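Once you scroll down, you'll see the structures, which are given as structure tokens.
There are two complexes below, and they share subunit A, which is joined by subunit B in the first and by subunit C in the second.
Right, the complex of A and B next:
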């Protein structure tokens, strides 16, 4: 197939609407099937238009957990052989197979989909160096081979995505056959970029995955900053900068999710100036160092990696994000009704403030935040003007 | 909000029950329309899960009781009905509503009462961003929103008329409202907030004043109505301190594009 054939057949690329996001995590690490996520996306059908859907699953390949699982989409068999040859040159391929799928009515032409479980030949000196090498290979394949994309490259996780409605994509990839402790899911309504297979969400690099609703108006500056750090944007959509930014600041620079939120959705300058020290100094330093990674414009994302799920919206909340807790389960969604549908016995739900990250960690029992704001050192006396 | 805090529906005399399980919003709203046409005046909607625009097309004094979480734009452009949501509501509830009442036993999302022109909304729990954005009033039409808990940022943004009351009853001791940028671009209407909020981040167009005289009468009237819906004690909710927020000018941007 030609990529052009997968592009938007409705010619409505600029229709302004909203994508649907959903994620859940069992913080005990118990694995679940994806029926909750599929149900949730169906409740948010209005948020998509059939031009993209996908799932990311963690704890997916316990039998191959030591290997990087490369999910590859190829235009045709020749492209696949080219990727395979590339992988053989640089990796030891422990296992390779087509990603199982079923033809689904109304889905149109589909690319060739394979997965490779690979390890680097020869041990790298340290884990981070090894991951950097993986990133370089993914960037090289995605930017230099016209007919092939690595759309998932982490260990013990996988991304499944394509052009279609969520229920079609779920049926196509037989998502009911997979189990994981963390699932994220996306229902796409492409607005500014084409709806094509590589452009569906989640976006992935290493074990990062990102699902996104909104648009990143700062894409240009984010992209230039990331290119200086070796990340090449090839997917023709703004969302991939979030995955690369997450990799840069959280994996390579070691920022916590909370500080990463201060980079990606920083408080406004007047709020930083009103902070007490040393907080103010830290926020200033973050803004000065990572200014070009501020994500501007309306957005909500769910960023996931091994053992962690992060929900984050823009700082003035121009896109919705709600969260819920039931026992060890944490839910993040664009709409509350989807959480209730996925978990009828949900115990607690809340809406975080814009720029405030909702973070779930493996092995940490989740706790809901307080709705109010502490009257602390900034306590204002109510005055009348 | 906590589920156990959400009241059970009081026994309702319903003349129709509509099971919305798996029903697409267009089909649901069409069936509602026909039920009302056939004379139903009290309808219980069961298993609601995210269906949008409920109540939009019903121009009759009908009472809807919603079980489950309704979708965005509940009661948008609504003209007349009374809607009782036994759980939480999502975003855009009461969008450009003209008349009628929405009572929400849980919390509500962003842009509640967006461009509202009349009628009233009562929320027992908390609300999201930009609540009451650009609500307006004219003559006898004066929309009212009463919130039992707290509101997030940009409450009353570009507000042009109507009344917004925030009671802060879910705030803990030593807590203040998280609300920032209240009344940004406000040029009409009035906001009353009970309890502390961070004054450094108010909208520039807003002035603060103590409540007195007519304010108290207005608060008593709407807080009593609020307390009545949720079985709460109005007297304790009326214990202040209340702050009144008013627009400093009716034309904050009058000189923005003119020299």
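Right, the complex of A and C next:
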């Protein structure tokens, strides 16, 4: 784990960061390039400090959609060969190649970046069992291999991230060459010495990706609860627990995004007591059962998976979150300005309540909330760019 | 009787310029320390009988009395402390086992005082509990591993998982087991009323439940101990939860003995034993000689109450506490109460109280970690006791992994107890640990319960303030969150056992 620790050279309990987030999804499944996301992050440059940026793209690899796309960063070629040997031992590698990139002025040393399209040898009994196996392998590589880190491991999606400003990272990875129906993007302001590409966001596991702005004060118990369920929190970033919590409650326990929001940013007890039955009993049961997964402290996250984008802020709105709709497009951002820049003709914008999830589903036409939504009939004048 | 070699522990100083010989002190002292000299119209004191309870000092209308410790008159000796000598004198005189009351008073390390809390600065805003919601509500009982939910949040939601019965606490502090018999009816009534007013629970102890207190059943945890005093179906069904008492922190491994002179008519009826008969609780339950026997009793109680009430099992913190609690959870307990080395008692052999068991902080940390490693932490709530002295102790206990705490000594202190440690004599001048009607009427349940409610309110405010500082607004985000704790002055083994880092790390 020595390499991963270079982000955390002082062995801090966790590395936190403040950040700018942006995400958009075309609910029809139509693929778009990432220019909107890059533009949006540039509008929120103040929210980062050049020490980390990244993108997650869904619908990215239609030609390899049946394979888990492992994006791997390695310290050197020997490490890469080691991880490749590991993958060969447990998986069938359908395709492998360096992740295309362009040297960018002003960026420091870059790791070796490869992608592997892999399938499990032999079919698992059911999809969930297969995904559990993938999770175990990713955790094993990331926690045990000294110089290798799997930072993206889903099907038909990919994460691209590193140390640099968002425009630098976009240029480095040639993000203009990729298309996807769902993009999330992140601009980072860590409160700690940088140095490690793996510490940038989005954070990924399987097809989950998380971009996160905040510091989770409940991290200690979130981590211990997830450890009880087999997740190794080795990265010491609080973002990690969001990804694992999402995996546990939505994939393994099968909760819908709305119920997941009730776990991660649950209503207050007095709000629950004011609900009608059966909601009251259910929300109470959720807090009783999943209380250790409540994310406390300031945060905004965009959690994405295949066909789904979820924006969520903490219960008392200590970090910003705005959402917007234009036709089939859903936007989630730290700042409204970024949405206006990315989509000058935005139709509806609103600020979700604390703990209220913004959920976009593939194939479901988005609807603005019935209250608290601003309608822009005329596109506001754009003064950026 | 031969001259006692045990010298008095306290010196009573009476300011003659202030004393008006009103004899309040004479009437207040059940130990007959003060007496009136009619001939000289003076009140005098025999300080050899003084236990240092400060009743006379507190009630003296002219503030004429001072009770001081008798300065150590023995030649200094690091090995033979004064108390050791006094104990030997007493035993040489009586040939008996020495008794004491309340919790261990020996200078074992108090880990609470070596743990400090975190607060937010810059990267994370602290939360102001005066402006923002701050939630202390706690549910005790077994939790499912996962929920099976169908439907959307608004449209036809269906919860398929059936949850085990839960206790709802508005503050994660309950009043620990103190039996009617060990304490007075008025003390029991104070606890019951306060539990109801504060939205928490009190525990009957092993002495049954007086009929006059049945109305507080919804805030009552009914104990079933080895003597099975006062246990009947009505008792079980009246309470909100049941607790099987296996052990007690002040006297792990031994039973209890309520002397016959304390078994009044009322107590005999409540305990279902003859008036004036000794109430002896055997050391073990005579139907529990192993873990599977415990399981049978747990399920017997659940059957008797139709699975509507959580069942707690209370044990003393001893060396192997982690696997013991693991076994208790697997035996079906919904709550495990763990009582530490410094837990109190109405009567215990001094040697046992002072030497048996382990500190609750270490026991709690070990148990919580073990249950997590075994993946069964959700199957039971953990309640810790012995001793929780302040809201800071509560916060630290919860951050170490407790779901809630029990307080008893602190509750008695709130009602007036001055920790003289003479509960076993039945002469409690504060009207708490006595059955003497002349003494028990000194504790008014109205006032007693109000003081208890005040204590819980004050602690709640302090807990909220500390949580807000840490940047959490729900107690479940503090529970087991050891990242918010740091150790000061602890060695690495202690830090590792507590599962916390040293301050500065």
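Throughout what follows, the second predicted complex is superposed on the first by the 349 of 385 C-alpha atoms of A that agree within 3 Å, B and C clash if a C-alpha of one lies under 4 Å from a C-alpha of the other, contacts with A are read in each partner's own complex, and residues count from 1 in each chain.
Rule of thumb we're sticking to: contacts are C-beta pairs under 8 Å (C-beta built on N, C-alpha and C of every residue); 3 or more make two chains touch, one makes a residue touch a chain.
Predicted, not measured: the structure shown is a model, and the values here were computed from it.
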{"item": "Partner chain(s) touched by A:28 [first = subunit B, second = subunit C, both, neither]", "value": "neither"}
{"item": "Which superposed partner A:259 touches (first subunit B, second subunit C, both, neither)", "value": "second"}
{"item": "Subunit B versus subunit C as contact partner of A:46, first or second or both or neither", "value": "first"}
{"item": "First, second, both or neither for A:335, with subunit B first and subunit C second", "value": "first"}
{"item": "Residues of subunit A touched, compared between subunit B and subunit C (which is higher)", "value": "C"}
{"item": "First (subunit B), second (subunit C), both or neither touched by A:281", "value": "second"}
{"item": "Partner chain in contact with A:291 - subunit B first, subunit C second, else both or neither", "value": "second"}
{"item": "Touched partner set for A:221, first subunit B, second subunit C, both or neither", "value": "second"}
{"item": "Touching partner for A:316 - first (subunit B), second (subunit C), both, neither", "value": "both"}
{"item": "Doubly contacted subunit A residues - partners subunit C and subunit B", "value": "270, 316"}
{"item": "Sites on subunit A touched by subunit B in the complex", "value": "43-44, 46, 270-271, 274, 316-317, 320, 322, 335-338, 340-341, 346-351, 353-354, 370-375, 378-380, 382-385"}
{"item": "Touch list for subunit B against partner subunit A, complex", "value": "1-3, 25, 48-50, 52, 68-72, 87-88, 90-91, 107, 109-110, 126, 128-129, 149-150, 152-154, 170-172, 174-178, 180, 196-201, 207-210, 241, 243"}
{"item": "Subunit C partner contacts - residues on subunit A that touch it in the complex", "value": "11, 13-14, 16, 18, 191, 215, 217-221, 224-225, 227-229, 252-256, 258-259, 262, 266, 268-270, 278-279, 281-282, 285-292, 294, 296-298, 315-316, 318"}
{"item": "Parts of subunit C lying in touch with subunit A, wherever the complex brings them together", "value": "120, 122-125, 127, 132-133, 135, 137, 139, 143-144, 146-149, 152-153, 157-159, 161, 163, 166, 372, 375, 377-378, 470-474, 476-484, 501, 505"}
